[in-house]
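Shared between the two complexes below is subunit A, which has subunit B as its partner in the first and subunit C in the second.
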Partner chain A sequence: MTGYILSRVLRAIITLLITVSLVFIFIRFSGDPAAALAPPDAPQEVIDQYARAMGLDQPLWQQYTSYIGGLFRGEFGYSIHTGRPVEALFLDRLPYTLHLGLTALSIALVLGIALGAIAAINRGRLLDRAVMGFSVFAFAMPNFLFGLCLILIGALVFQVFLAGASANVLFPALTLGLAAMGSFARFARSSLLETINAPFMRAAEARGIPFARRLILHAAPNAAIPLVTLVGLSLGALIAGSVVTEQVFAWPGVGQLLVRSVATRDIATVQFLVLAVAFTMIMANLIVDLLYLVIDPRIRVK
Partner chain B sequence: MSGVATYRPSPMPWSVRLSLVFIAAFVLFALFGQFLSPHEFRATSMFDRLLPPGSPEYLLGTDARGRDVLVRLAVGAQITLIVAIAGTLIGAILGSLLGILAAARRGPTEAVIVAAIDVQASLPIIVVALFVLAMFDNSFVLFLLLIGLNGWEVYARLMRGATLSAKEHGYVTAVRALGASPMRIYLRHVLPNILNVALVQFTVNLPLTVLLETALSFLGLGVQPPLTSLGQIMSEGRDRLLTAWWLTLFPGAIIFLLALSVSLTGDWLRDRLDPTLRSER
Partner chain C sequence: MTKTPGGDASAPPLLSVNGLGIGLPPGGDRAEAVTDISFQIHPGETLCLVGESGSGKSVIGQAILGMLPRALPVTGGSIRLQDKVLPSQRDAAYQALRSVRMAMIFQDAGASLNPVKRVGRQLEEILKVHGVPAAERRDRVLDMFEAVRLPDPARIFAAYPHQLSGGQAQRVVIAGALLLKPALLVADEPTTALDVTTQAEILDLIAALKADTGASVLFITHDFGVVAEIADRVAVMKDGRIVEAGRAGDVLDRPQHPYTQRLIAASRPTGAKPSRAEEAPILEADGLHLTYRSGPIFNRRVTQAVRDVSLSLAPGRTLAVVGESGSGKSSLARCLLRLEEVERGTIRFKGADITHLAGRDLQRLRKSVQVVLQDPYSALNPRQTIRSAIAEGPIIHGMPVAEARRKAEDLLELTGLTAQSADRYPHEFSGGQRQRICIARALALEPELLIADEAVSALDVSIQAQILDLFRDMQARFGFAMVFITHDLRVARAISDDILVMQQGRVVESGATGQVFDRPAHAYTRALLAAAPGLGLAMEEGAA
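Let's turn to the complex of A and B:
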């Protein structure tokens, strides 16, 4: 078991280190960072001064070690447009993204699992087919189209404007959570169907345990195990989706900051956000792997 | 013939038939839709701005610069189709070859490829694309390559697993004993046996690629004017959502129906190709 934990942690560290190095290599070889950061009409001396300030005149390995050292000390650089530390820009917007993302995840989990359970219980009937149809719809629906439709309906039918920071979080969250809801429903259904037909369920039935009790106390916990992985996997889709959703609803979160920084070529900010996304996802995968130890005793034996 | 069970494939469900009809119609529209309109897709007309659908000469209306929406949709569909197919193929080929290579060579090669898979899996492709687009000038070729990266790690992981299990089969040992080179073993004998794994993933990946291209173009970071794509048309129309809904809803509906048809067809194909993957129905 210690071996399992150690190998997972080691893998996470290696993945993170490779990502950090790739970002460094990419930025160093994409052109002259000093020229990119200096004002467009700056003379050569100014560019050289920028280069010295950034340590670009040092050998590459020295630049790399000071880059890694900077990351450890929490020095991530400054935005070229506002001059503020990039982590401050990020922290300003993080609450909005967390608010949006967690609402979306909760909606997706609660509704998705409920729909999946309804489908599994009514297997083969109309309700089941309706839920499965919905999950295909949710997969194919582009979130920007769904968001625009919500805005349009809100404006035409309810006379409210659904975009902007002061608007209700429910509509962007519904937009962001739709795809995850569909895949949770699909997954919960097949996972529950698998457990319902497992031998221990027949044993429970033979002992005369009522249906609802069998479903909630016996089937559900077992069916929930693969869902933990799915939630971990859906994090990437949620992050990707939030980039688009925040843009559609003018939601002032991290995704909007990323799109804006890319459009204005604010490399320091983009770099920080890419590293933040990678760090979040690697940590989430690690947590999912370790959670398995707690919820699935079979791994502990191996 | 009593007592002899004949295998009879289940009839194609109506949803798949409809999907195939829509896909065919979409491809025809992408190829020949431009001839449905007398206008050129970049031609502006000061006097015909924001005409609603059904206007004379402009069947699906015009945009804010008086360009014909019908012909723009046809060109947009063409670009979206090219990007989707080329992008999905690039990812499929790159990923599959790396996956097979990892399983064939083992050792350090495999370690490097698996590490690359881990790295890619920790970054959503849209974030990678945004990172690259922040540093390099956007061009159609660069954009195509970025879209091509979409999902390569899934192919690599699947094909590595499939190759590893194929290696256990007797035919690999037999072909090797006959003196075949590794290149021949893996490309001529193993690949055809595991190709259905990649084919199934291809149908999952294609709608995702359509959605990625349209999302990036919608953000204004994908296909750039004067070229256009379905997502790009939507992004130009979104500020006029309430006054000129046809600029966003027509391309949006096409994207949605395309992704829907391809995934319905893909689901059906997957059930036919690989009975072990058959979803509980």
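Let's turn to the complex of A and C:
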């Protein structure tokens, strides 16, 4: 078990180091940042001045070591436009994104698992087909389309404006969570069906265990195991979706900050945000790996 | 092995099944799964319901427990437990009967336990849902573990299913079935998935528990060896009907129905073929070692699968490699096939060292050494016609396509199928037919050595006998040497000239088959022979 934990943590650290290096390389090779920042007709001296200010005139390896060193000292750099530390900009936005993301994830999990279970129990009947049809639709529809529809209906039919920081989180969260809900529902259905037909379920029936107890205490914990993997993986889609959704609903979260920083070539901010997203993904998958220890004794005890 | 004669035929029957019929969904090979089934089980009696897969024997067990799926409706007849007619299928009233009045155990005990719950808790749950107070539950489970002779009951109580061996899991499941002292135990192939030695222990245990508790047993099996060990009475099923029933001794000694005679004959070995004179060996192995390493870097598991194994096989002869699962016999086959790199030792084929052959040389060797695997279902590509499956090898090794396709037809006819079936897909064939296809595919390259890895283990006994006959016929016709890997001593005796007994990766005994069977030198071989169900009976009859 300690071996399992150690190897997962080590893997997470290595992934993080690779990500940090890739971010550094891609930003340096996607065009000269100093030239992009300077006014269009700026003379070469001005561009050089920009480059000096950002340390871009130093050799690449020196930039890299000072970048990595900064990361370890907690110095992530300053936004070119506001002059504030990038982590402060990020922390301003984080509560909004967390609020939106966690609400969306809860909606996706609760609705997805409930719909999947309903479909599995009514396998092959009309209800199963309807639920599965709906989840394909939810999964396939682009985020922004559903968001725009919600805003339109809100504004034209109910005379309420659903976008902006003061609007209810429920609508952007629904927009964001719906796609994940669709895949959770389909996965929950197939996982539960597989479990329901497992030999130990028939054996439990033969032992006189009532149906509800078999479903909740025997089938559900087994069916949850593959679902946990999916939740970890869909976090990436949720983060990607949040960039679009925040833009559509004018929600002042990290996604919106990222779009704005990319548009204005705010290198330090983009660099930090990409790292933050990667860090979140890696941590989420580490947590999923460690969660297995709790829910699957076949990994916990050899 | 003790066999407790049981059953008091004068007492009123515990269970009576009268004219039971169970339907099949439309489009099956017959209208009903079982038709007009009638039998009785008296208190303390063991009735064996014998038949091959598809005979309908398992649905009878399900019907008694009220667990038939909706797709299999009861079409007639009745089931009575003592004087009461049982409720209709899937009725909620069964919950009070299951575990209390009757219990059921299944073939794969490990799979009939919930993998994420401790086994002790799962057994306590049976007591809980049937109203036993919380204070008593743990002790009753531990007592029952004691009764089924599980070592260290407290440790087993806290274990998860994957931590148990197959035999331990079956003991746990039997303990669960008998917790509430049911009057009837329905056992559906409970020992089929087990090694012979474990099988013997479990059969012994069931007989002893039956004698202690006075329970009756309905034992569903395909194996007449098991019947000989455990049955008081036998009912033989074929295509959904009981074709013969009677006292176990009578049916075994004087089977009346041709089908019963065939089943019993199929579970007996036939004489070995005349052996070819000693020639230079076609295959020699010397001091083979194979070690598997798996798992993450931090807790790497090391398994010594093959340890210092040497063997020699003359052209046209058959060497059986026997042993329990995990004894390393399949790993040995993989080494001989050059699918695994051995760690130490040498393998010589026709005198040439092939231990480290690679590239084109290895490819040429592949033509001469072919394999037939255990599971004929997964060994064929479901999207490839069988003609293409058989012709593929010869085409790769340079035979013109048209000729290879004709050859495929010839081989199909030779192996007992029709040339017309060449353009069909694997799913259109039965298990036995698929194994014929796999043999035809192996023979298409005209190998000099054929390695059969548990090639008849997944088949019913009567099909087993046919496939063994086919192997012998083909060997007589093509003259290849054969390494036949099996856990089944009856199969080994039927097919082999020489035998190699493996235990934990080592060879513990080897020699001519008849000699090893008649005068086993090693204790492990003797244990295997003693444990094999019905082998004693079969050998006496075979000699007569």
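Observations on the structure shown:
Following the convention adopted for this analysis, the second predicted complex is superposed on the first by the 266 of 302 C-alpha atoms of A that agree within 3 Å, B and C clash if a C-alpha of one lies under 4 Å from a C-alpha of the other, contacts with A are read in each partner's own complex, and residues count from 1 in each chain.
The rule is simple: a residue touches a chain if its C-beta (ideal position, glycine included) is under 8 Å from a C-beta of that chain, and two chains touch if they have at least 3 such contacts.
Given the structure is predicted, the values throughout are model-derived calculations rather than measurements.
Once the two complexes are laid over each other on the shared chain, residue contacts for A:Ser7 go to subunit C alone; subunit B is not touched. Partner contacting the larger number of subunit A residues, of subunit B and subunit C: B. Legend: residue contacts after superposition of the two complexes on their common chain; A:Thr175 is shown touching neither subunit B nor subunit C. Taken together, the two structures place no residue of subunit A in contact with subunit B in one case and with subunit C in the other. Within the complex formed with subunit C, the subunit A residues making contact are 2-4, 6-7, 198-200, 202-210, 213, 217-218, 221-222, 225, 295-298, 301-302.
Against subunit B, the residues of subunit A that register as touching in their complex are 11, 14-16, 18-19, 22-23, 26-27, 30-31, 123-124, 136-137, 139-145, 148-149, 151-152, 155-156, 189-190, 193-194, 236-237, 239-240, 243-244, 247-248, 258-259, 261-263, 265-267, 270-271, 273-274, 277-278, 281-282, 285.
Residue ranges on subunit C touching subunit A, taken from their complex, read 65, 67, 94-100, 103-104, 106, 108, 111-118, 125-126, 129-130, 160, 162-163, 173, 176-177, 296-299. Subunit B meets subunit A in the complex at residues 115-116, 118-119, 121-128, 130-136, 207, 211, 214-215, 218-221, 231, 234, 238, 241-242, 245, 248-249, 252-253, 255-256, 259-260, 263-264, 267, 279-281.
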